[in-house]
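Read the structure below first, then the notes.
Chains here go by letter, A, B, C, D, E and F, matching the order in which they are written, and residues are numbered from 1 within each.
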Amino acid sequence: MMIVVLQSSASLMSVIGAPIVIIGGLGLIFGLILAIASKVFEVKLDPRVEQIIAALPGANCGACGKAGCAGYADAIVHEGADICACAPGGPAAAALIAKIMGKEAGAMDRKVAVIHCSSGGHNNTKWKYAYQGIESCKSAVNIADGPNLCTWGCVGFNDCYNACVFDAISIDDQGLRHIDPDKCTACGACVTACPRKLIMLIPQNQHVHILCSSKAKNPLAKQLCGTEKPCIGCGLCSRKCPVQAITVENNLARIDYSKCIDCGLCATVCPTKAIGDIKAGKRKKAEIVAEKCIGCTICAKICPTKAISGELKQTHVVDKDACIGCEQCVAKCPKKAIELV
Amino acid sequence: MGYIGELFVMAMTAIFIQNFVLSRFLGLCPYLGVSKKLDSAFGMGMAVIFVMTLASAFTFLIYKYLLIPYNMIYLQTIAFILTIAALVQFVEMVIQKNAPALYKSLGVYLPLITTNCAVLGVAILNTKAIRTDGITAYNFLDAVLNGFFSGVGFTFVLLAMAGIRERLEFVDMPKSMRGMPIGLILAGIMALAFYGFMGFKI
Amino acid sequence: MKYYIKLSLILLIFCAVASGILAYVNSLTEPVIKDRKAKEEVATRSELIPDADFMEGKMADGTAYFVATSKATGDTLGYTFIAAKTGYSSKVQTMVGVDKNMTVLKIKVIDQAETPGLGANCTQDWFLKQFENRQATDLVVDKDGGTVKSMAGATITTRCIATSIAEQIAMLKVAIGGAE
Amino acid sequence: MSFVKELSKGIIKENPIFVIVLGMCPTLAVTSSVQNGIGMGLAATFVLICSNIIISLIKNITPEKIRIPIYITVIAAFVSIVDMAMAAYVPGLHKSLGLFIPLIVVNCIILGRAEAFASKNNMLASLADGIGMGLGFTLSLVVVAAIREILGAGTFAGIAVMPKTYEPMLVAILAPGAFITLGFLMALMNMMKEKK
Amino acid sequence: MKDKYIVSSAPHVHDKTTIPMVMWNVVIALIPALVFAVYYWGLRALVLTLLGAISAVVTEAAIQKLRKVPVSVSDGSAFLTGLLLAYNIHAGAPLWLPIAGSVFAIAIGKQVFGGLGTNPVNPALLGRAFLLASWPTLMTAGWVKPRTGTLSGISNVDDIALNLQSVSPKAYELVTGATPLKVVQSLRDSSFVASINSSATEGVDIANRIFTNITEMNSLKNLFWGNIGGCIGEVSAFALLLGAAYLLYKNIIEWRIPLFYVGTVFVLSFLFGPIKGSGYSMMLPFFHIFSGGLMLGAFFMATDYTTTPLTKNGRIVFAIGCGLLTMVIRLVGGYPEGVSYSILFMNVMTPLIDKFTVPKAFGRIKK
Amino acid sequence: MRLRTFPGGVHPHDEKHYSASSPITLAPLPAKVTIHVSQHIGSPSSPVVAVGDEVKTGQLIAEASGFVSLNQHASISGKVTAIDRFPHPCGTSSLAIQITGDGEDKWVELADEADYMNLSANEMKSRIAAAGICGMGGAGFPTNVKLSPPEDKPIDTVILNGVECEPFLTSDYRLMMEHADEIISGLKLIMKTVNARQGIIGIEANKPDAIALMEKKLKGEANLEVVGLKLRYPQGAEKQLIYAATRRKVPAGGLPMAVGVVVQNVGTAFAVYEAIRYRKPLIDRIISITGEGIKKPSNLKARIGTAFSELVEFCGGASMEIGKLISGGPMMGFALPSLDASMGKGSSGLLLFGKKAARLLDEKSCLRCARCVDVCPMNLLPSLIASAVKYKDLDKAVEAGLNDCMKCGSCSYVCPAQIRLVQWIDTGKIRYAEAQRAKK
């Protein structure tokens, strides 16, 4: 038995001996060469770049201002670019990148695109002439100031729709464009696509927008606008705004979103309905829970419409008619004594 | 005909008649993957020519002076692929260090080549190929040149394909056809077009 | 340095183990392959010239041919040999049986890798049958004005088979003549 | 992930050919007949399973720098074994698959799975992945081969299936037919994906 | 909107030519060839042609319906593709052949890329290449003799025949059973020449006699009028020239491609056309120009807008490439005729040619 | 005479028969004019009058602001009634000065310099500048700027552009026929200002009588010559004209002065003559009111700033339902949304098209027929540029010649697929400019 095994193992050795030596030798030589070469020809490559590329969504949208995702990754590592610049990736990507870079993700306000014009549909535009040519806003506005009477308003050839790679812009049966804030990644493609500069990026927690860009004076503005809902620059909103967030310039009102408290008051006073309020009618009013209220008057002070009244150390009361549902008081109440109903 | 004539036949065969991609089905992954832009196709093509030539040389030497004398032809697969892998990695490192510009335009494609079956394919085919007389096996020079010409053939169709695909960027193609499907159908059309070279008597 | 040696050694071990295993497998399969090949050749030979014994001879270029002698009588029945030539995309090998007058008795393609559907059809019966009872001089393809019917779209393969047989018969004649 | 899940994903959801688009060369080259397709598929499956197992076992002892050479060595070893075994026991198939058996080494599926899956997962999962991917690969080969063989030769696995009057469309089993068939199958996959 | 003035970008005037006009004009230009074909081969030629054209139109309409895009078969491009494809089939082909070719040509040659103007290669030629690869026997066997002539175009075939039949049946069979280009291809093959006659010198002599005969005036006349074997549309050089002249007059095709294509063939066939033993002859270039599909190719296929280079220099390169390849295939290739493959191949090269022949803008200095 | 030409180009029907035979008629004094502060290439002029000011005909109302700019003058006497945005002859609206006339046409004082030919070059140029003359072919480059090349670019040739290759237009033709002497004097003056050796008047072959007249007038003038040019559009484009007349190629992106040439329109030459001799500011010009839609196609001498509607009325009004109004020629002119706009210094014509002629066919997909390539006078690949722009590949577009295009419209004219090539290229130019700005 032993002998057989020995014999067979001897013959086995003779069979596999040479191959082992030769191929093993090859392996040894290659291994050595590669190992040495990897030292001799070493080039420092930052592994973080690759990690960041993996963390990015790979849409190559260019919202960060770099040449695609790889370029952005390179810029983060080598040029110290802002890690929050990736709009499509949002905070999730920023957090991942931050981890890779060993930094904290900054608080990134999610933004959303808003169209500052209520016109643009086939039934909602007044035409200056019958346009024949390329169906692109950018091309059309160069011919006789664009085919629509209002030279500030939407041309309606859907450059923004075509520019959106996230499917966030839709067109309704009236031919009007709508932006789905959930799908919008604030990449800014539509902003640059619109030759009339009607689209702007606005913090997502804001719901009140002036849906007009017309700088025309009063009677003219109405004549030009296809939906007859232009801003006529009357200044009513500006006067009514509890926080002075609206300014009127060149017959056009604009909201300063750093001041705006999203109360929607302006939308209710606008005579031409040029201010859109997504939350209109859905705003809840404040109500003070009497048990919790300690009567600190903070809410009364903060309320822009002075709808809260009450003496110090007394339970405060909300004037339901005056309350505009801006929720300022809710955030500020130290005892969480204000509820929305 | 002479040796030059023989080489001409070899070149014609490798480039047109028995093209690696269109007729032998070798190297399809990079062919379909890196044929979207002419610039990158050119870089890839050059890298493939370079590696195929080098690999042909090395594997031929190993085959002839190591495997045959020791009667170990069954080890050719493992020996060849090891050689190619090491070679590609080595070349990549050298270029990256010594010619960063070249690396940027060509080196990025190198890792893709290790698993390009065209390289291993040409190495194996070289060991089996017979010269035009029908009897003698390839010598060292034959093998190297065959590697080179095969690479040229690969690059040639890669460039032609990239040219067409660049053009197709500017048309409204059915969405489901974009990308791989159209690449494959184009390859089929090119293969049909290359049938004209069938049966050459040079 | 130690690191590199470690790397190399690991690679060495892998290579060594792999090649060792392969060598072992090869030692098992190689005889099987050889055996099978040999058996197949014998079988093919007997198929071409039945009921015969075969005796190996060598032609001028070193390739083998076999003299077939009748098992019953011991008379020389004919010869078999392998004709090989590069066809369209591969080396096409045909085993041929000829009688004493060098008339083809039967042929069989034993190795080819021609284009499927075209050249690869050379293994079909109708194609091989037509070679029977031909002299070397008749082995001309129809496209060249001969009578060997070429396969559709595969003249080259047809031509390769026909000429390789004709050439090999010529060699055989020399070899036999030399022997005599 | 469960064993069955790993096993089944390769067949449709992550089909190596139609979805991940790996290993095109043999898919096109050997699918001129169904037998060849099955043979190639099984050979590749065997290698895939074995290499997945081994690589998942050795994943901890392979230094990063020579990871790829080692994986390739392992794969090449199995390929050679398959090569020799086929030559010995199924010589006909070995013959018609020809060059593409040694080329299994560089089939992107195998190295791809080794890199992407086996080097990160345990042995059991890798085994399941290998079987699933291998079956997916084989299945795809059979589909492509069936179309090509039926159109191009009028047969399925060698058995005549088309009416006698059918003139085989030779191009289907030639190179252009291979490309176009696979192209259309992929377009079909895309269309199905779009519909979803 | 209706009562408003139209405003558009300049220019405000437009040439009258439209795509349908171009396409249908090409169809008109192709009609003489069909008339000749019907004269020589009877109604079957017409039936095959119509089958090809109609199935192309039906395929295009069906695919466009499926894709839910506007059906645009009235522009005539699909009809033209089907017509050209049928022109590349011989009159003896089975009726389903042009249908199969047209379906392939339209579906894979054109519609998968998005339709008119997007196809990288000429769909009709692709259809032909597909048919040739799929059913080589049907495409190359069963040529039909023209009504008054012979397949090879040798007018005094009987004289030769009497002579040949006794001396060399092989040569006789060749002369009476093949198209002119096939005859020449065979005569170029030394192994065939050797097999013509048991005596080698006699064989060469017979080959030379056939060769001279086929390239002399009488045969050329047959070639010119189309009194030879061939495909439906390529047969009559005269009819095709008539159509080409119409297209040139209508400014639908441009002179560069036909001129350089035919010119290249002319030069190359003069230099390399002769077979062993025959001298140079001014007739030889004309033989090569009038035989096979060259006229059809040079004037109707290689001038296909979509698949040829945009640049003027590129078109010259393209045409020379076509001519070169045609002659290479005819003289050393595996096929007797190389027009369709050469154009197909150059179609594939077109984007590259375009890329490397971008013209220098007026006033720009080349870098 | 051998006709000269340039490579490329198209042959649109010249359609000059509408108005070619009608002599220049003086249009009635308009009741109101609106004079735009930007009628030229360069920075807009700055108004020097205020609403309510009384002005005389020829009085400066806006002055050049910057080197490349222009003086504007009142073209009638009256009161400035508005300075606001008004429709511009190129279709847009822009700042303009509106003058309501008093019907008296009181002029500022003019002169008559007997020895005007011998004034110094600088004096001539300053008079040209003062008169507010710009190129009257359409582009409107301030003439005094064009005539002041830098020292290192000596000018040896002045070419007068009497080609008028745009179909329909006949204003230059009529001017040549009726004021040949003044034009020749203008040419000589221009040659003096730039110290040029030779002067060439280029006229297209469809105006044989103008060629003959000019040749007769120039007999004996060794350094002046008339060059007959083939009927081909855009023969009158500056670079093409220079090439046809002198075989010199203006480098891409360069000005004619780079090859020692200055090109001026015949109308400009006429204005230069009047400005230098009489110190008369440019307040009127010849304009062709033509096309199938006008009752009486005419060539009018009209005051700058006259509303198009008044001119149309004077010509008998529309003869059919009008589909399109074009200010300028049909190849490069601007379609107008209404007749409210007023004519400017570059307004060579106003065309009225009927409904049928106005309609454009729908754009089809490109056939790659390369007709656009064959006709492009700049040797570009228009279809490639257009599709590159369409699929947002600006690099390719630039490679194919985006920035070399002069928008002559030849490609769009011939395109059998009716692709708006020029508009695509225009869009591309805008996108390219935007991209360049973004890069900075």
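What we mean here is this: a residue touches a chain if its C-beta (ideal position, glycine included) is under 8 Å from a C-beta of that chain, and two chains touch if they have at least 3 such contacts.
Not measured: the values here are computed from a predicted model.
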Field: Number of steps on the shortest touching-chain route linking chain D and chain F
entry: 2
- line: Touching both chain C and chain E we find A, B, D
Query: Which of the two pairs, D-E or A-F, is linked by more C-beta contacts?
result: A-F
Message: Among all chains, whose Cα centre is located farthest from the one for chain F?
response: C
Message: Taking the mean of the CA coordinates per chain, how far is chain A from chain E in Å?
response: 59
Task: Can you check how far apart chain B and chain D are, centre to centre, with Cα atoms defining each centre and the answer in Å?
output: 22
- line: Here the gap between chain C and chain D, centre to centre from mean Cα coordinates and rounded to Å, is 31
Query: How many angstrom lie between the CA centroids of chain C and chain F, rounded to a whole number?
result: 86
- prompt: So which bits of chain C are touching at least two other chains?
  reply: 7, 10-11, 14-15, 18-19, 21-23, 26, 30, 118, 153, 155-156
Task: Would you pick out the residues of chain D that each touch at least 2 other chains?
output: 65-66, 69, 73, 76-77, 80, 84, 170-171, 174, 176, 180, 187
Query: Which chain A residues touch at least two other chains?
result: 18-19, 22-23, 26-27, 30-31, 34-35, 38, 128-129, 132-134, 139, 142-144
Message: So which chains actually touch one another? I want all the pairs, not just one.
response: A-B, A-C, A-D, A-E, A-F, B-C, B-D, B-E, B-F, C-D, C-E, D-E, E-F
Message: Going by the contact rule set out above, which residues of chain B touch chain A in the complex?
response: 62, 66, 70, 72, 75, 78-79, 82-83, 86, 89-90, 93-94, 96-98
Message: Under the stated contact criterion, what part of chain A meets chain F in this complex?
response: 128-129, 132-134, 136, 138-139, 142-145, 151, 192
- prompt: Can you name the residues of chain F that touch chain A in the complex?
  reply: 90-93, 334-338, 359-360, 363, 420, 423-424, 426-427, 430-431, 434
- prompt: How about chain F: which of its residues touch chain B in the complex?
  reply: 365, 387-388, 390-391, 393
Statement: The chain B residues in contact with chain E across the complex are 38, 159-160, 163-164, 166-168, 171-174, 177, 181-182, 185-186, 188-190, 192-202
